[in-house]
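Both complexes below contain subunit A, partnered by subunit B and then by subunit C.
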Partner chain A sequence: MSILTLPPAAAGSLIARLNPCTRVVAAFAFALAAAAGGGLAAPVAGLALALLLAGLARLAPGRVLRRLLALEGFMAMLLLVLPFTVSGTPLFTVAGLTASAEGVRQALSIALKANAVAVAALALLGTMDMVTLGRALARLGLPDRFVTLFLFTVRYIDVLHEQYGRLRLAMRARAFRPSAGLHTWRSIGWLVGMLLVGSLERSERIHAAMRLRGFTGRFPRLDGQPAGALDWGFGAAHAAWLGAMVLLGLP
Partner chain B sequence: MAHIPDGVLTMPVLLGGGAVSAAGTWMGLRQIGPERMPQVAVLSAVFFVASLVHLPAGLASVHLLLNGLMGVVLGMAAYPAIMVALLLQAVLFGFGGLAVLGVNAANMAVPALLAGWLFRRLRRPGDFSRRTALAAGSAGGGAVAATALLVAGSLALSGQDFLPALTVVAATAAPVMVVETVFTAAAIGLLARVRPELLDGQP
Partner chain C sequence: MSDGLIRLEGIHFSYPGRPPVLCGLDFAVAAGQRWALTGANGAGKTTLFHLMVGLLAPAAGRVVAFGRERRGERDFHDVRARVGLLFQDSDDQLFCPTVAEDIAFGPLNLGRSPAEARRLAAATLDRVGLAGFGDRVTHRLSGGEKRLVALATVLAMEPEILLLDEPSNGLDDDARRRLLAVLADLPQAMVIISHDDGLLSRLACRRAHLNGGRVMV
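Presenting the complex of A and B:
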């Protein structure tokens, strides 16, 4: 099972019927608008829009919930520390440390914004085939080489992940158990070294085969559909909501 | 410890990181001719997969960063490779974010370039001995340290309130740095013996 094939947006759902370019632009616009606002009202509006988008993509609730909790450990710690480091009106005291209302507000605001963007990105982009995403990036004017690199990387991630699993299995068969220590860290170093050697040789063979078939270093651009009425309608509604969100967040 | 999510940093920091990364990616792309494309893509995929590899380190479990290795093997081309991998991580796993993509890429790719430069300074071409492994180890560990500094810097620039919390960044970076030093020394040591032309061919 590939790590790149996420369940797509339900066929026939509004998100699935949108032009891929519309989805990419909408996702990045969402992230920028969320970054612009402070306070609590704007992030709440953002999260509401993100959940609406998730609904429009008919995402499974479990998937959305998992993404909500996916904040990396160090960010979670940072947010936990924040109430105690921001000075302001004391709210409560834990083990001699005083949490301020301002600090709690700020931590809450950041957590809401981070989660809103994560869910919106999942609904708009995570439900898209990565090759489609690459083509959309090309149509949006990113350099050919960047898009080619993106598409090649998408292709190799599966190959590498599979190979990584095979090597780890081989290590396990030889009674390797990861623990904290030089031996483990070096063994993993050699594992990735071997992964690189094997994959590079393979990539050279693939490249030779592609050149033989006339590949010149860039993929032909496949022109997709132009933006339709649905895209313009969705784009206008999306932009209006984001605009309102930015206004709400103004100090 | 290196993926800052969306919603944390302020607009000027986001725009600054975006500008640095646009320039770095553009410069890196110019180095990737059709011949090198598969190699860069493989490294980019390795960088992506590394975030899924968790290693025990003391009490905590850390995941590899690998930006030192990227810089050592790819040089300038490490920038676009890291950019692509971060975009995919953000879209597929929700690691990092979209508006912060530029900042995250800069935080990881600038140390990668420095690590590559350091490695080429410390190592003599054609050398496969312990010296290569040592140079690679310092590049790997140094890249993690530099990334931690840049992450702390991005947070500090976004608000004074983050300043006391920066010890958290340092505390999470220290174990990754130790693991990554040993890891990079082993990985590059192996590459130097098996595929030396990979390390010598770079400008």
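Presenting the complex of A and C:
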């Protein structure tokens, strides 16, 4: 089972029919517009758009919630601390610390924005497989070197993960059980070292195979699909909503 | 001059810090010849292949390919277009996201247009019995399919010689049979490293045994 396998976007959904480049640009624009606005109205509009996109991508609500939970865990600290560290009109007091209304508003705004961006990214990008994403980035003019690194990571992370699995299995087959001792740390160290050496040697063999096929550092690419009417239509509607969001957020 | 495609003369080679692998080796492949290359593990069979395409450089001796002596990396660029090397581990050879892109990689490097490369990829897949596999993701193929796709990436460059390094290694009976059928129909000169006697007796008509750093014919 590949660790990179994503459940495919519900085939035939509007988002799945868009050109990958359109989806990348839309996600990027969304993140920028969401970050720009102040106040609470703009983030609420952003979250509404994100939920609409999730609906258009036919995302399963359970999966989205699970992913968001991970984000919430990450942000909990910030959200808890912010009301007490921003000065302003006192709202309530906990154990001698005073929470300000401004702080609560800011925490709320950040939480809304972060969740909106996460939902939008899940809808637009999370439903795309990594290879398609890499190709879209290349067509959007990202440096070749970056795209090559990205695609190689996608291609070989599975091979490395399988190798790791095989080595772990071999260790377990000889009764290795991780504990807190020196023996465990040394064995894990050898495992990691072995993976690094193996990967380095593999990368040399791959490079040799590429040279044999005439590789001189530049990546040729097969052409992709051009953007269609659906992409322009979606792009216009998306841009209009984002524009309204930014206007709402102006002080 | 012989009609040799590749000729190795008096080759010496050793990896740093290890005893010599090849000492005074002579070997030549001519058009239409199919060689079985045998020898113990570590005898230098794969090393010999890598010397023939310039991935390794000999400490002494000459590599003559297609009528010219080849020395540096640059000399070998056109040799690599005409000599196809199939690796032992197909995961080393297939690095593009999809099968069609992987097969098109070589032809694109040789200056074909994307449309031509795409056509060539489809035609080559058809030749190895994997028609319609173009959009498959390479790392999700089975072992046998990977080997056939790796062979297709080599064949798409239309080489004159094939160097096959353990082609049937790790394949099940069915995959092995399919590979054998494809290889038996190819017109190219071949050198085959293998411990699979059935495969060698079906494909090869000459035997070379690597022992003590030399080839015994």
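Brief remarks follow.
Heads up, the rule we're going with is that the second predicted complex is superposed on the first by the 212 of 251 C-alpha atoms of A that agree within 3 Å, B and C clash if a C-alpha of one lies under 4 Å from a C-alpha of the other, contacts with A are read in each partner's own complex, and residues count from 1 in each chain.
Keep in mind that, in the parts below, a residue touches a chain if its C-beta (ideal position, glycine included) is under 8 Å from a C-beta of that chain, and two chains touch if they have at least 3 such contacts.
Everything quoted here is computed from the prediction, not taken from an experiment.
Measured by the number of subunit A residues touched, the leading partner among subunit B and subunit C is B. Look at A:Asn19: by the touch rule set out above, it reaches neither subunit B nor subunit C. Judged by the touch definition given at the top, the superposed model places A:Ile206 against both subunit B and subunit C.
In the superposition on chain A, contact is made by A:Arg155 with both subunit B and subunit C. When the shared chain is aligned, subunit C comes close enough to touch A:Gly214, but subunit B does not. Touch criterion met: A:Val131 reaches subunit C, while subunit B stays clear of it. Residues 152, 154-156, 159, 206, 215-216 of subunit A contact both subunit B in one complex and subunit C in the other. Only residues 50, 53, 55, 77, 80-81, 85, 87, 89, 91-93, 95-98, 100-101, 104-106, 108-110, 114, 117-118, 137-140, 153, 157 of subunit C touch subunit A when the two sit together in their complex. Listed in rising order, the residues of subunit B touching subunit A in the complex are 1, 3-11, 14, 25-26, 29, 32-35, 37-46, 48-50, 52-53, 55-58, 64, 66, 69, 73, 80-81, 83-85, 87-88, 90-95, 97-100, 155, 161-165, 168-169, 172, 179, 182-191, 194-195, 198. Across the complex, subunit A meets subunit B through its residues 3-4, 6, 27-28, 30-32, 34-36, 43, 67, 70-75, 77-78, 81-82, 85-86, 103, 106, 109-114, 116-118, 121-122, 125-126, 130, 133, 143, 145-146, 148-150, 152-157, 159-161, 164, 178-180, 182, 184-190, 192-197, 199-200, 203-204, 206-207, 215-217.
Interface of subunit A with subunit C (complex): residues 2, 131, 134-135, 151-152, 154-156, 158-159, 202, 205-206, 208-216, 220-223.
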